[in-house]
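Letters A, B, C and D name the chains as they come in the text, with residue numbers starting at 1 for each one.
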Amino acid sequence: MKTFTVMLAAAAGLALTAGTAAAQEKLKIGMMVTLSGPSAVLGQHQRDGFNLALKQRGGKLGGVDAEVVLVDDELKPDVAVQKVQGLIERDKVDIVTGVTFSNVMMAIAKPVFDSRTFLVSSNAGPSPLAGRACSPFFYASSWQNDQNHETMGKYAQDKGFKRVVVMVPNYQAGKDAAAGFKRFFKGEIADEIFTQLGQLDFSAELAKIAAAKPDAVFSFMPGGMGVNLVKQYTQAGLSGRIPFLSAFTIDETTLPATQDAAVGLLGGAQWAPGSTLPASRAFVEAFEKEYGYVPALYAQQAYDSALLIDAAVKAAGGKFKDKEAMQKGFRNAQFESVRGPFKMNTNGFPVQDFYVVKVVKRADGKFQTEPVEKVFTAHEDVYAKDCPLK
Amino acid sequence: MTAVLRLEGLTKRFGALVVSDEVSLDVRPGEIHALIGPNGAGKTTLIGQIAGRIAPDAGRVFLGGEDVTALPAATRARRGLARTFQISALVGDMTARENVALAIRGRSAGRLAPIPLPGLERRCRAEAMDGLAEVGLADRADVPVSALSHGERRALELAAALALEPKLLLLDEPLAGAGKDESKALVKLIGSLRAKIPMLLVEHDMDAVFRLADRVSVLVYGRIVASGTPSEVRADPLVRSAYLGEEDEAC
Amino acid sequence: MSLTLFAVQTLNGLQFGLMLFLVAAGLTLVFGVMDFINLAHGVQYMLGAYLTAVLAKVTGGFFTALLLAMPLTLLLGLVLERLVFRPLYARGHLDQVLATFGVILIVNEAVKLAFGAAPISVPVPEILSGSVRLMDGLLFPVYRLAIIGAGLGTALLLWLVIDGTRFGMLVRAGATNAPMVSALGVDVRRLFTAVTAFGAMLAGFAGAMVTPILSVEPGMGDGVLILAFVVIVVGGVGSIRGAFIAALIVGLVDTLGRSFATDLLKLVMSASTANHVGPALSSMAIYLLMAGVLAFRPAGLFPSRSAG
Amino acid sequence: MTRTRRDLLVLGLMLGLLAALPFLGLPNWVLTYTARIMAFAICAVALDLVLGYGGMVSLGHAAFLGIGSYAAGILLAENVNDFFIGLVAGAGAAGLYALVTGAVAVRTKGVAFIMITLAFGQMAFFVANALSEYGGSDGLTLWSRAEIGGTRALARDTNLYFVILFFLALSILIVRLVTASPFGIALRAARSNPERVTALGYDVERVRLWAYVLAAVLCGVAGVLIANLSSFVSPALMAWQRSGEFIIMVILGGAGTVWGALAGAFAVLILEEALSLATPHWKILFGLFLILAVLFTRGGIAGLFDRSAK
């Protein structure tokens, strides 16, 4: 009798898998990241993070064979629109993921939503998509753009800093960063410096900072700009005298270049490779073994985006063409995020913890960030209340 | 009778160097007035000021009694000042006829019409052929400029300048670079136009100057040192020393 | 805005200007002598930086790396001249722009393939790692003084070479009147090769010098190229003196604009408007400068090519 | 004269092919992709007037594309939904900017012209970046396309395709007419000998300025079309690299032929897409292609045609 039940169950299982295999093809995922120009390294982290998760699951997500089509948006929004149309209409992808920069995200959002394709961001989280223009087809495994800056604002407030100089590049993300910081920092902004995007030399700005004598500096300088700023900040003798708070400036994409100059500087993030959570340790170890470099938060977010998709497809019972089921799956996704607690908000952005992270030199001579203080617990972005989705 | 062209005290300085030093001269109807002078005398600068390419520091230019000192080159051309250049200046990738047609269009109201005007084109074609015939290039009408001989280009420049129906023709070394036979033909051609149009002739070839000119002015260091009929000027001792003394060097 | 700060910013501006001069010198030389627009100058600068970074890691010494990188960039310049530039001297500017733009694409991508997309950096050499106290709380790294020195030294050297040697005489003649040089019986082809290689080495030197203060990354030459073009066009194409003065002007305008534009605007408008307008205006400052100069002096401040 | 006839034949064939495309049952993305190329081709054809016929190498041409698209985008964001209002605003704004900046630029020549147009292009770029209320550097998403006569006809990709094709054909017609006109002949003559043309009574700077303005107006129209097509405008549209791409299109296609610019736009954009699908390191191949094209062809695609015809 027992044998019979087992046999029956096995037969049913076989029939079920055969049935799904016949009814559904592969889950097609278009990954759009920036792989050209100075910011290519961010896209590289995203790509590798996602691929690691896929590889660990034997090429399956939610039990379904997944196929990834990788495209480079070249950091040109209109090229991105063209390429995403190709992904949707030519490659017939079910999900578009990746997306390194907000301007690219804003460019592709409409065509992706119009085609009822899911957009799973593993980095960019522009405010319109979190607020009024939110969509049931959008989910982020990263954050809303302002949140990491809010973390540093809160930190500066908690530490009792009175006067802070804010220095950001003169573009939208920079202005958002300044706004995010100021939302939680209530002290005096001694000066607000907007630098040119792609600026190489910061000596003029550093002189202004030295003249202003603030309690701390908050800066957002992604990529090569951050490398130059950190090196010059140290060379100008400001490091160690004026605390350097930042977001997306010192991370594992720039540490190989800044090296010792960045040690001790602070950043705000939802995760850092120095995290001691077991899931995080396993991820960092597997990642370094596979790709030979230390993953930055971009890699972690992309890894988590794969887990998020995995969970959503699983929850939808493998029926990834069923939009309603998938939406429910994304909303209620349960998975063990590398960052720790993770909950999807109504606007498709995570509710999560944020930390102040610090640069350290590891025993093997490599550099990484590690969490030193939790600033926010289960932090929700401010735009969610404008989102009509419930 | 008013002069076709009159210069009054034209002065131009480049830094400390005075290139035109209160130059005054005129060209009367029906005459060829030649301007000679050694290299570096300031002939090119003077022509530039007459044509409107260079603004003088002081002095005035009158064309047919009208003060044109403040007018740009293109406007002066439309008011009747035609010129040829020291180094043959034609539109190289166009044919001989197209070059002359360009001039004819240049004096018509439709010269900048943004759409093709068939009537104007027909008129241009016909008039261009007449103009070419006048300088003996009728059978070369459809040859691109780049395929014309040096002498032919010189003649074509004359045809283009005449097609403007100007009041005055400014000839900047029309014989420069021409061979012996070509020179002879060009001198004959210029002479034949004398009755038609007054000219200011700048030329190095003294034989040609003394054959063609009704009056000659001598420019040395930016200043007119002598002016008169060819024989008067030839006899002037000042000219002989200042001008002919330097001529060897110039060659 | 204290006087000290103004003085410090002026120093920063001069230093930035001299850095630009290092890049612009080779560009204006090649452009002036051969009438050749070399967009690949920026990647030659990048190659100088990468070679220095890699060699510094291998040999462990910045100066060894610098000394080795210079002949290597010279060699690469020769290869590039032979393969791409030489057939293009007789062509128009557009063909030159197109082909050298192709070189940019290739080298940028090749560098990314070879060294990865992440920025790398070079530590400041020990002997130059000190700093000078400029004002309360601000140090001026000695290395930046070294860049000032290198810029001035290069300017002096170029002046000596161009004004005092036969090579320099030919270069000057070439910039004013190229056909005349060939009429002198000089092998123009060899002169061109020499100038191009020399220009490549100057670019490489500039790239090597900035490695301790700037990150080394693919595409690092692209932005610098535009700035260098602004410098040589403002200065007058082909003129080393023009490039030198224009580089200082551009460096000062850019730095002082960044430092004081917003503060000055705050005097006449609200702070938030000033924060809005100031940065946009200072980004544009050098372009406004260039447009202004060209509007009144189309051939630049020190035109070297004679008019006729 | 046979060359003119051949040029017209090739042009007619190309436009005919483009008009037939929507009826071939191709997937939608081919259509939108082609529409995008056509919009860029309008700008390339316009640049050919300036660069190919006028000999003025403008490195700021993308600014006009951007200004056109921003005019359309801002109007849509402010709920002015009529397509024709956007069209007039885009063309007008681009033309006005060209008139003001061109008045200064046409006084320069050679590399100075290249750099001064670059400067004006960059100024427009930085202004767009500073437009925080319209998305700043992130750009502006247009949640719906413009309306024609109160209907949402343009929402259908095929309709927008034909609108873009119409403006492409119109631009080609305008440029061909202008280049054959007295104005165009003067422009062409001034390219090879401005002194002579001035001496014949033409105000060369004025001729150049109006050619520059006309090209900008056409490019502004292209910008309005692009904004509607991609439902998005951003400063990246007017980056100087984009201006460089237009120059590549014109030279690669063959300057001064009109259809060469059209062919160049298609060649460059299709090649970029095809190579980037083939390998992530496609820029090496593209760079190599550019160098070889320059070294071994003259007069671009149109030039190849000329030689093989002989």
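Heads up, the rule we're going with is that a residue touches a chain if its C-beta (ideal position, glycine included) is under 8 Å from a C-beta of that chain, and two chains touch if they have at least 3 such contacts.
Since this is a predicted model, take the numbers as computed values, not measurements.
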Touch graph components, with chain D removed from consideration: A, C | B
Comparison of A-C and B-D by number of C-beta pairs in contact, larger one: A-C
Identity of the chain that, by mean CA position, is farthest from chain C: B
Approximate Å spacing (C-alpha centroids) for the pair chain A, chain C: 37
Distance from chain D to chain B - Cα centre to Cα centre, in angstrom: 42
Distance from the mean Cα position of chain D to that of chain C, given in whole angstrom: 32
For chain B paired with chain C, centre-to-centre distance based on mean C-alpha positions, whole Å: 46
Touching two or more other chains - residue numbers and ranges from chain D: 129-130, 132, 283
Multi-chain contact residues (two or more partners), chain B: none
For chain C, residues that touch 2 or more chains besides their own: 279-280, 283
Touching chain combinations (by label order): A-C, A-D, B-D, C-D
Residues of chain B defined as touching chain D within the complex: 51, 53, 72-75, 77-78, 82-83, 85, 89-94, 98, 102-103, 105-107, 110-117, 120, 160-161, 164
Residues on chain D engaged by chain B in the complex (per definition of touch): 177-178, 180-186, 189, 192-193, 195-204, 206-207, 210, 214
In the complex, chain D residues that touch chain A: 27-29, 32-33, 36, 129-130, 132, 135-143, 226, 230-232, 234, 236-237, 239, 273, 276, 280, 283
Interfacial residue positions of chain C with respect to chain A in the complex: 2, 4-5, 8-9, 12-13, 15-16, 19, 112, 116-121, 123-124, 131, 134-141, 143-144, 213-220, 223-224, 255-256, 258-259, 262, 275, 278-280, 282-283
In the complex with chain D, residue positions of chain A that touch it: 35-36, 70-72, 75-78, 81-82, 85-86, 88-90, 102-103, 106-107, 109-111, 126, 128, 133, 170-173, 175, 197
